[in-house]
Amino acid sequence: MSSNTDVQLIKNGKRLSGRKLEDLREIKIQPGVLDNADGSCYLEWGNNKVIAAVYGPKEAMPRHTQNPLKAVMNYKYNMAPFSVEDRKRPGPDRRSTEISKISGAALSKVVLLEKFPNMQIDVFVDVLQADAGTRCAALSAASVALADAGIPMTSLIACCAAGKIDNKVVVDLDKPEDNHGQADVPMAVIPRTEEIVLLQMDGHLTADEFKTAMRMAIDGSKKVNEIQIQALKEKYQGELNGD
Amino acid sequence: METSEVLLALQKPRLYELAAAGARIDGRKPDEYRQITIDENFIAFTAEGSCRLRMGNTDLIAGVKLTTGTPFPDTPEEGVLMTGAELPPLASSEFSFGPPSPFAIETARVIDRGIRESKMLDVKKLVIEPKESVWIVNIDIQALNYDGNLIDAGQLAAVKALLSTKIPKYEDGKIIREESSGNLPTQDKPISTTFAQVNKHNFLDPKFEEERLADALLTIQSTEKGALCAMQKQGTGSFMPKEVEGLVEESIKKGKEIRKKFL
Amino acid sequence: METSEVLLALQKPRLYELAAAGARIDGRKPDEYRQITIDENFIAFTAEGSCRLRMGNTDLIAGVKLTTGTPFPDTPEEGVLMTGAELPPLASSEFSFGPPSPFAIETARVIDRGIRESKMLDVKKLVIEPKESVWIVNIDIQALNYDGNLIDAGQLAAVKALLSTKIPKYEDGKIIREESSGNLPTQDKPISTTFAQVNKHNFLDPKFEEERLADALLTIQSTEKGALCAMQKQGTGSFMPKEVEGLVEESIKKGKEIRKKFL
Amino acid sequence: MSSNTDVQLIKNGKRLSGRKLEDLREIKIQPGVLDNADGSCYLEWGNNKVIAAVYGPKEAMPRHTQNPLKAVMNYKYNMAPFSVEDRKRPGPDRRSTEISKISGAALSKVVLLEKFPNMQIDVFVDVLQADAGTRCAALSAASVALADAGIPMTSLIACCAAGKIDNKVVVDLDKPEDNHGQADVPMAVIPRTEEIVLLQMDGHLTADEFKTAMRMAIDGSKKVNEIQIQALKEKYQGELNGD
Amino acid sequence: MSSNTDVQLIKNGKRLSGRKLEDLREIKIQPGVLDNADGSCYLEWGNNKVIAAVYGPKEAMPRHTQNPLKAVMNYKYNMAPFSVEDRKRPGPDRRSTEISKISGAALSKVVLLEKFPNMQIDVFVDVLQADAGTRCAALSAASVALADAGIPMTSLIACCAAGKIDNKVVVDLDKPEDNHGQADVPMAVIPRTEEIVLLQMDGHLTADEFKTAMRMAIDGSKKVNEIQIQALKEKYQGELNGD
Amino acid sequence: METSEVLLALQKPRLYELAAAGARIDGRKPDEYRQITIDENFIAFTAEGSCRLRMGNTDLIAGVKLTTGTPFPDTPEEGVLMTGAELPPLASSEFSFGPPSPFAIETARVIDRGIRESKMLDVKKLVIEPKESVWIVNIDIQALNYDGNLIDAGQLAAVKALLSTKIPKYEDGKIIREESSGNLPTQDKPISTTFAQVNKHNFLDPKFEEERLADALLTIQSTEKGALCAMQKQGTGSFMPKEVEGLVEESIKKGKEIRKKFL
């Protein structure tokens, strides 16, 4: 987090964006938006715009990566060059490599990989426009794209961050809050059981603040999950109704 | 040979049979574009200019970012144009990670060529301080779904994005992206048209199977005044001189239509 | 699957059986660190700060080199911290040459995160000339033998190395390494604790087999005052919220012990 | 092309080099100059100096590149570091990658690839000294090197550029003309049939100017072809005569 | 070597470090220091600190590197980022690539590679702290690590450099001597036979000076060899005695 | 093992049998160079200095390009020498694309070493402005056909090219390549000689099969005054001290001959 915390981010209990401490930004989810992918999802979350594509299951390549007990989960988080204020050079960097690693691990908890020995499942997420919280947006979209691809899962996973700004714990930091905030705690959970499948933290939080943040992130994730389910319902009920 | 190549090759006989009668696999006329849908300023929050464009099932975003840097030594009083094309595996199982493929490089370079050679950008107005500092106009094409003809789609998106691009304010050696000092100085609107030669017929705007199974491809780009600014022949086949002349004529005509309809 | 993975998997049943009774393969208690041995200033001849640290059979060196450079544009009045982790095949047949693996990158980034976010380094005191020139503090973790838990071992070594780091004299734009202008300005001592979840039990300081066969891993880092500064969950398993709360508490307690004993 | 067109390149109908609009620069072609290659060709074209080597047909590697119906044509255009005024870093760049792609495609039209299933044919061309028109020089040399290697072809291909300088359409631009000219149209053709196998264009040309340029480039290519044939004859007649 | 030779490096027959012309720096050798490696060795030589690890023999990979007549010797010399005054970027560079090549060749003379067809033997040496003479220190440590790994060899090899400073031939240059010296001759020999398995030279030496340097380097290597043998004896006698 | 290696190995018995009698596969005497042909200024249009050299069937070009840049911090008043060797697959089926192989790197570095250590270039005269700007002398060896002994051939070509190199005029921070400010300041002419040890005989100027099948190789480089400036032993064999002394003597003698004949 920034060492510069002298920007006032909360006034009269409201955040600069007008949100209350526990308010999420607006989220829109649209599954099935790409023609080539086996499953896909477009997701807007505040000013974040991400798109996820799933390819597979298919034979794992190169061959030495094949696991006779289960499929390999291959998650790639990527930022488009124009997705951030200072143009990003195309290609993976250290940050995206780390995010890909822990996000793929999070999905592996719910995807029934053991149904597909020797296969791989590719999940690609492109961040088209970034406004803080992109790893949560990406993973939430990926989960919907996996459902859209018909890949068997025990549950969707849903994500949300909490954090600290102006010494207050809040949910779902946006860009200015992330730039001038004091802590960020991105999380992903299995909504029904509250099992935590992704958890990171940076900044400064007391143990009590962390407890509050964890609770807010879980509650936020559950709200995200409702929107995920609604979006899938709309698509597939629509299809069943012949829309 | 990859499995995907084998599967593709299986479609060749039908494609060529249809073409013998001038027909296309998706029922289009030889000189017909697929439906084009444009979302202007799709990346308004972080890009200085942008456009999402769908041409049939080809789906991509052109984003323009302005940065500053030193000019090239041989053009000390001109801004710089840079064009890249990212063709990630998200957009097609044909694509893979890693450094840009020859296909991606060619796509970016042909898009760049038309914009550069039409002199669409008035690069002389992109100088901050001669020899020292100029604007670098970075065009990035990001493919979301690949169904052929990335060059025409990417260039139309890029031109559209450039036309909407705002130059950030520049003060005391700092870019202030929240404020704008006006539009990018432009002076032309090049249009790219790509033809796929299939069994001696030339089909405009090839979709994936046409592009990949064609004997040859010809991209022709023209300016507002109907002059040519860029061409590129691809593929292992050949074109006769008369054939090229005909396609040049058709390209200039189509360019005018597209320009009228979308720019 | 590599042969080594297959061999490792063969150890899983025993590890999980033991864990069912809260026991570990090397006989340690769940919350027990392996023996930690520290060689301070191991690289005194060429590094500004250094520490060789063994945590059981995990053996590594943290070296600190100070260089100068321009600050990041968004923090013109702050020095720069850079952390790398080299995990060469010398240290384990698990590792290979080439660009850093995701595992090496994550290791370096989590070590970096705790040092950065605890504000251990007073980066504002690392400015030579605002906007122009600042100290760059390069921490390099070099693994010599890998037996699990590189994050805790690497971060303890790095903190130790930073505490002993001398800033070279800087005159007329030149670094004079033979002379020192004092210690690195520090203001905290973060401690990292990593737990491996094995069959629902959480084991502190996992050795290789525990780390690789665990369902999940949780790293928690805390400051001198007992606040959290960094966390990272790894692995395909999950943690319950209450479980995390318990580990947070244990981490803060363990952090105090380690700090007292070694710093 | 340059935006700087204020240099006078044509005076009294003559170009700076003394050439008329339709004159090619001097071209020298020498097949069979390299010992290791299966076929080779050294070619000078004005101040351009290029050398081409052909290796193969040989088993295509890595194996997944093998095509059971025909050989893979592998063309690599490369510039030596000292071949241009500002030293070029060794290794491929975007420009050479593009040139290699379209040049290999051009040759594929005439080489009987289907005679060599699962094989690859490597064509390497190094530009040793560059004076504009290197892709045409390279491809003309490559064609001769293929003949020298005894690879069956339906025809040689021959190349030549046309362009526009001082508002006149001319053939075979040299370096100063390329730097200050208005358009460049590199082409490669099958001389007998005038089939166009390589065609690029950049700059500014009306449709009529383009027609003229295309014609001039074809005619230029035919002249190049005569020199190619002469060079091959000299070598192989010489050999037959025991020289 | 430096062009700057105006630093006085020898006074009254003594070098800056107090050594005589033929004196080596202090050397400490400790085999068997790494748990994962099949053999290892830590070596201090003046302020040089190096660590060597041997893995193998094991199946050579990728498969096309396998030689049915003998094992592949794979030697990698590497410098840690903090091992030199100006931080070194991690990863191989041209210098370390060259050193690895000739050092691996030197070891291949004594290791019985033909006993292990289709296998590879990996020797990794990390320079942790550098004080001139690192390639000799690294190779001396590698030889002990191979012995520690139980790899059959006809002999240990031992290394030492000679050089010229202040117009005098001396043995085992340290950093200041290397920086301001006139010539450096790193060598590796089979001590018993004096066969030279590694030899490089740079700087300026007459043929006679070179002869002297070669002799001093061989004699130095023999001293190094005694320390190598002593270190191995201590370890393995200790083990036999149950220490 | 590559097929080419297997084929090469088949030639070994004959090579060693001949060598037992002191004979070589191409009939040369042990201390005989292949025919050397030199084309001076082969790249006169674009390079500041150049030389094409054939040594038997080994064929290469050395090109010298002068650029400007900042000096190394530890030698602020000296120009810079950079030597590269490109060994492309055009020159041999032994070579492949990609980053330079260890063989190419060693070749370039040994060529560089002799030129640098002989002090052939008077680098102190290559300063444009102390600390700020110096000439960088880029030597690039481009192999056209590889038949062994690239080091001797490449170094002779490089020395020849350097002797003919013109320094471009430098005015107002610009290089004016059309005009020259004189020759490169040189003060020596190093010569490289490489011997291949085949069945206990040492053969000067090894051709491909000798180089690749030799037990060991020794390169010795000497200055005009007959001092040594660089040596490099390659290969898995060994040399006896007396053997090296003999080769040093022969190298110095041969160096004088070559220098007289070609420089």
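Lettered A, B, C, D, E and F in written order, each chain numbered from 1.
The rule we apply is simple: a contact is a pair of C-beta atoms (placed from the backbone, for glycine too) under 8 Å apart; a residue touches a chain by one contact, two chains touch by 3 or more.
Every value quoted in this text rests on a predicted model; they were computed, and no experiment measured them.
Among the remaining chains, those touching subunit D as well as subunit E are F. The fewest steps needed to get from subunit B to subunit C, moving only between touching chains, is 2.
Same interface as C-E, judged by over half of the contact pairs sharing residue numbers, among the pairs B-D, A-B or A-C: A-B. In this assembly, the chain whose C-alpha centre lies farthest from subunit A is F. For the pair subunit E and subunit F, the distance between mean C-alpha positions equals 26 Å. As a whole-number value, the distance joining the C-alpha centres of subunit A and subunit F reads 57 Å. For the pair subunit D and subunit F, the distance between C-alpha centroids works out to 32 Å. Looking at subunit E, one finds that none of its residues touch two or more other chains. Residue numbers of subunit F whose C-beta contacts span two or more other chains: none are found. Because contacts link each chain to exactly two others and close back on themselves, their graph is best described as a ring. Tracing the ring of inter-chain contacts outward from subunit A, first into subunit C, gives the chain sequence A, C, E, F, D, B.
Touching subunit F in their complex are the following residues of subunit E: 1, 3, 64-68, 94-95, 97-98, 100-102, 105-106, 108-109, 185, 190, 194-207, 210-211, 214-215, 218. Taken together, the subunit D residues at the contact with subunit F in this complex read 34-37, 47, 49, 51, 53, 55, 76, 78, 80-87, 90-92, 122, 124-126, 128-131.
The residues of subunit F lying in touch with subunit D in their complex are 42-43, 45-47, 50, 57, 59, 61, 63-65, 67, 84, 86, 88-93, 97, 99, 138, 140, 142, 144-147, 177. Looking at the complex, you find that subunit B touches subunit D at residues 1-2, 75, 78, 100, 102-103, 105-106, 108-109, 113, 116-119, 123-124, 218, 223, 226-241, 244-245, 248-249, 252.
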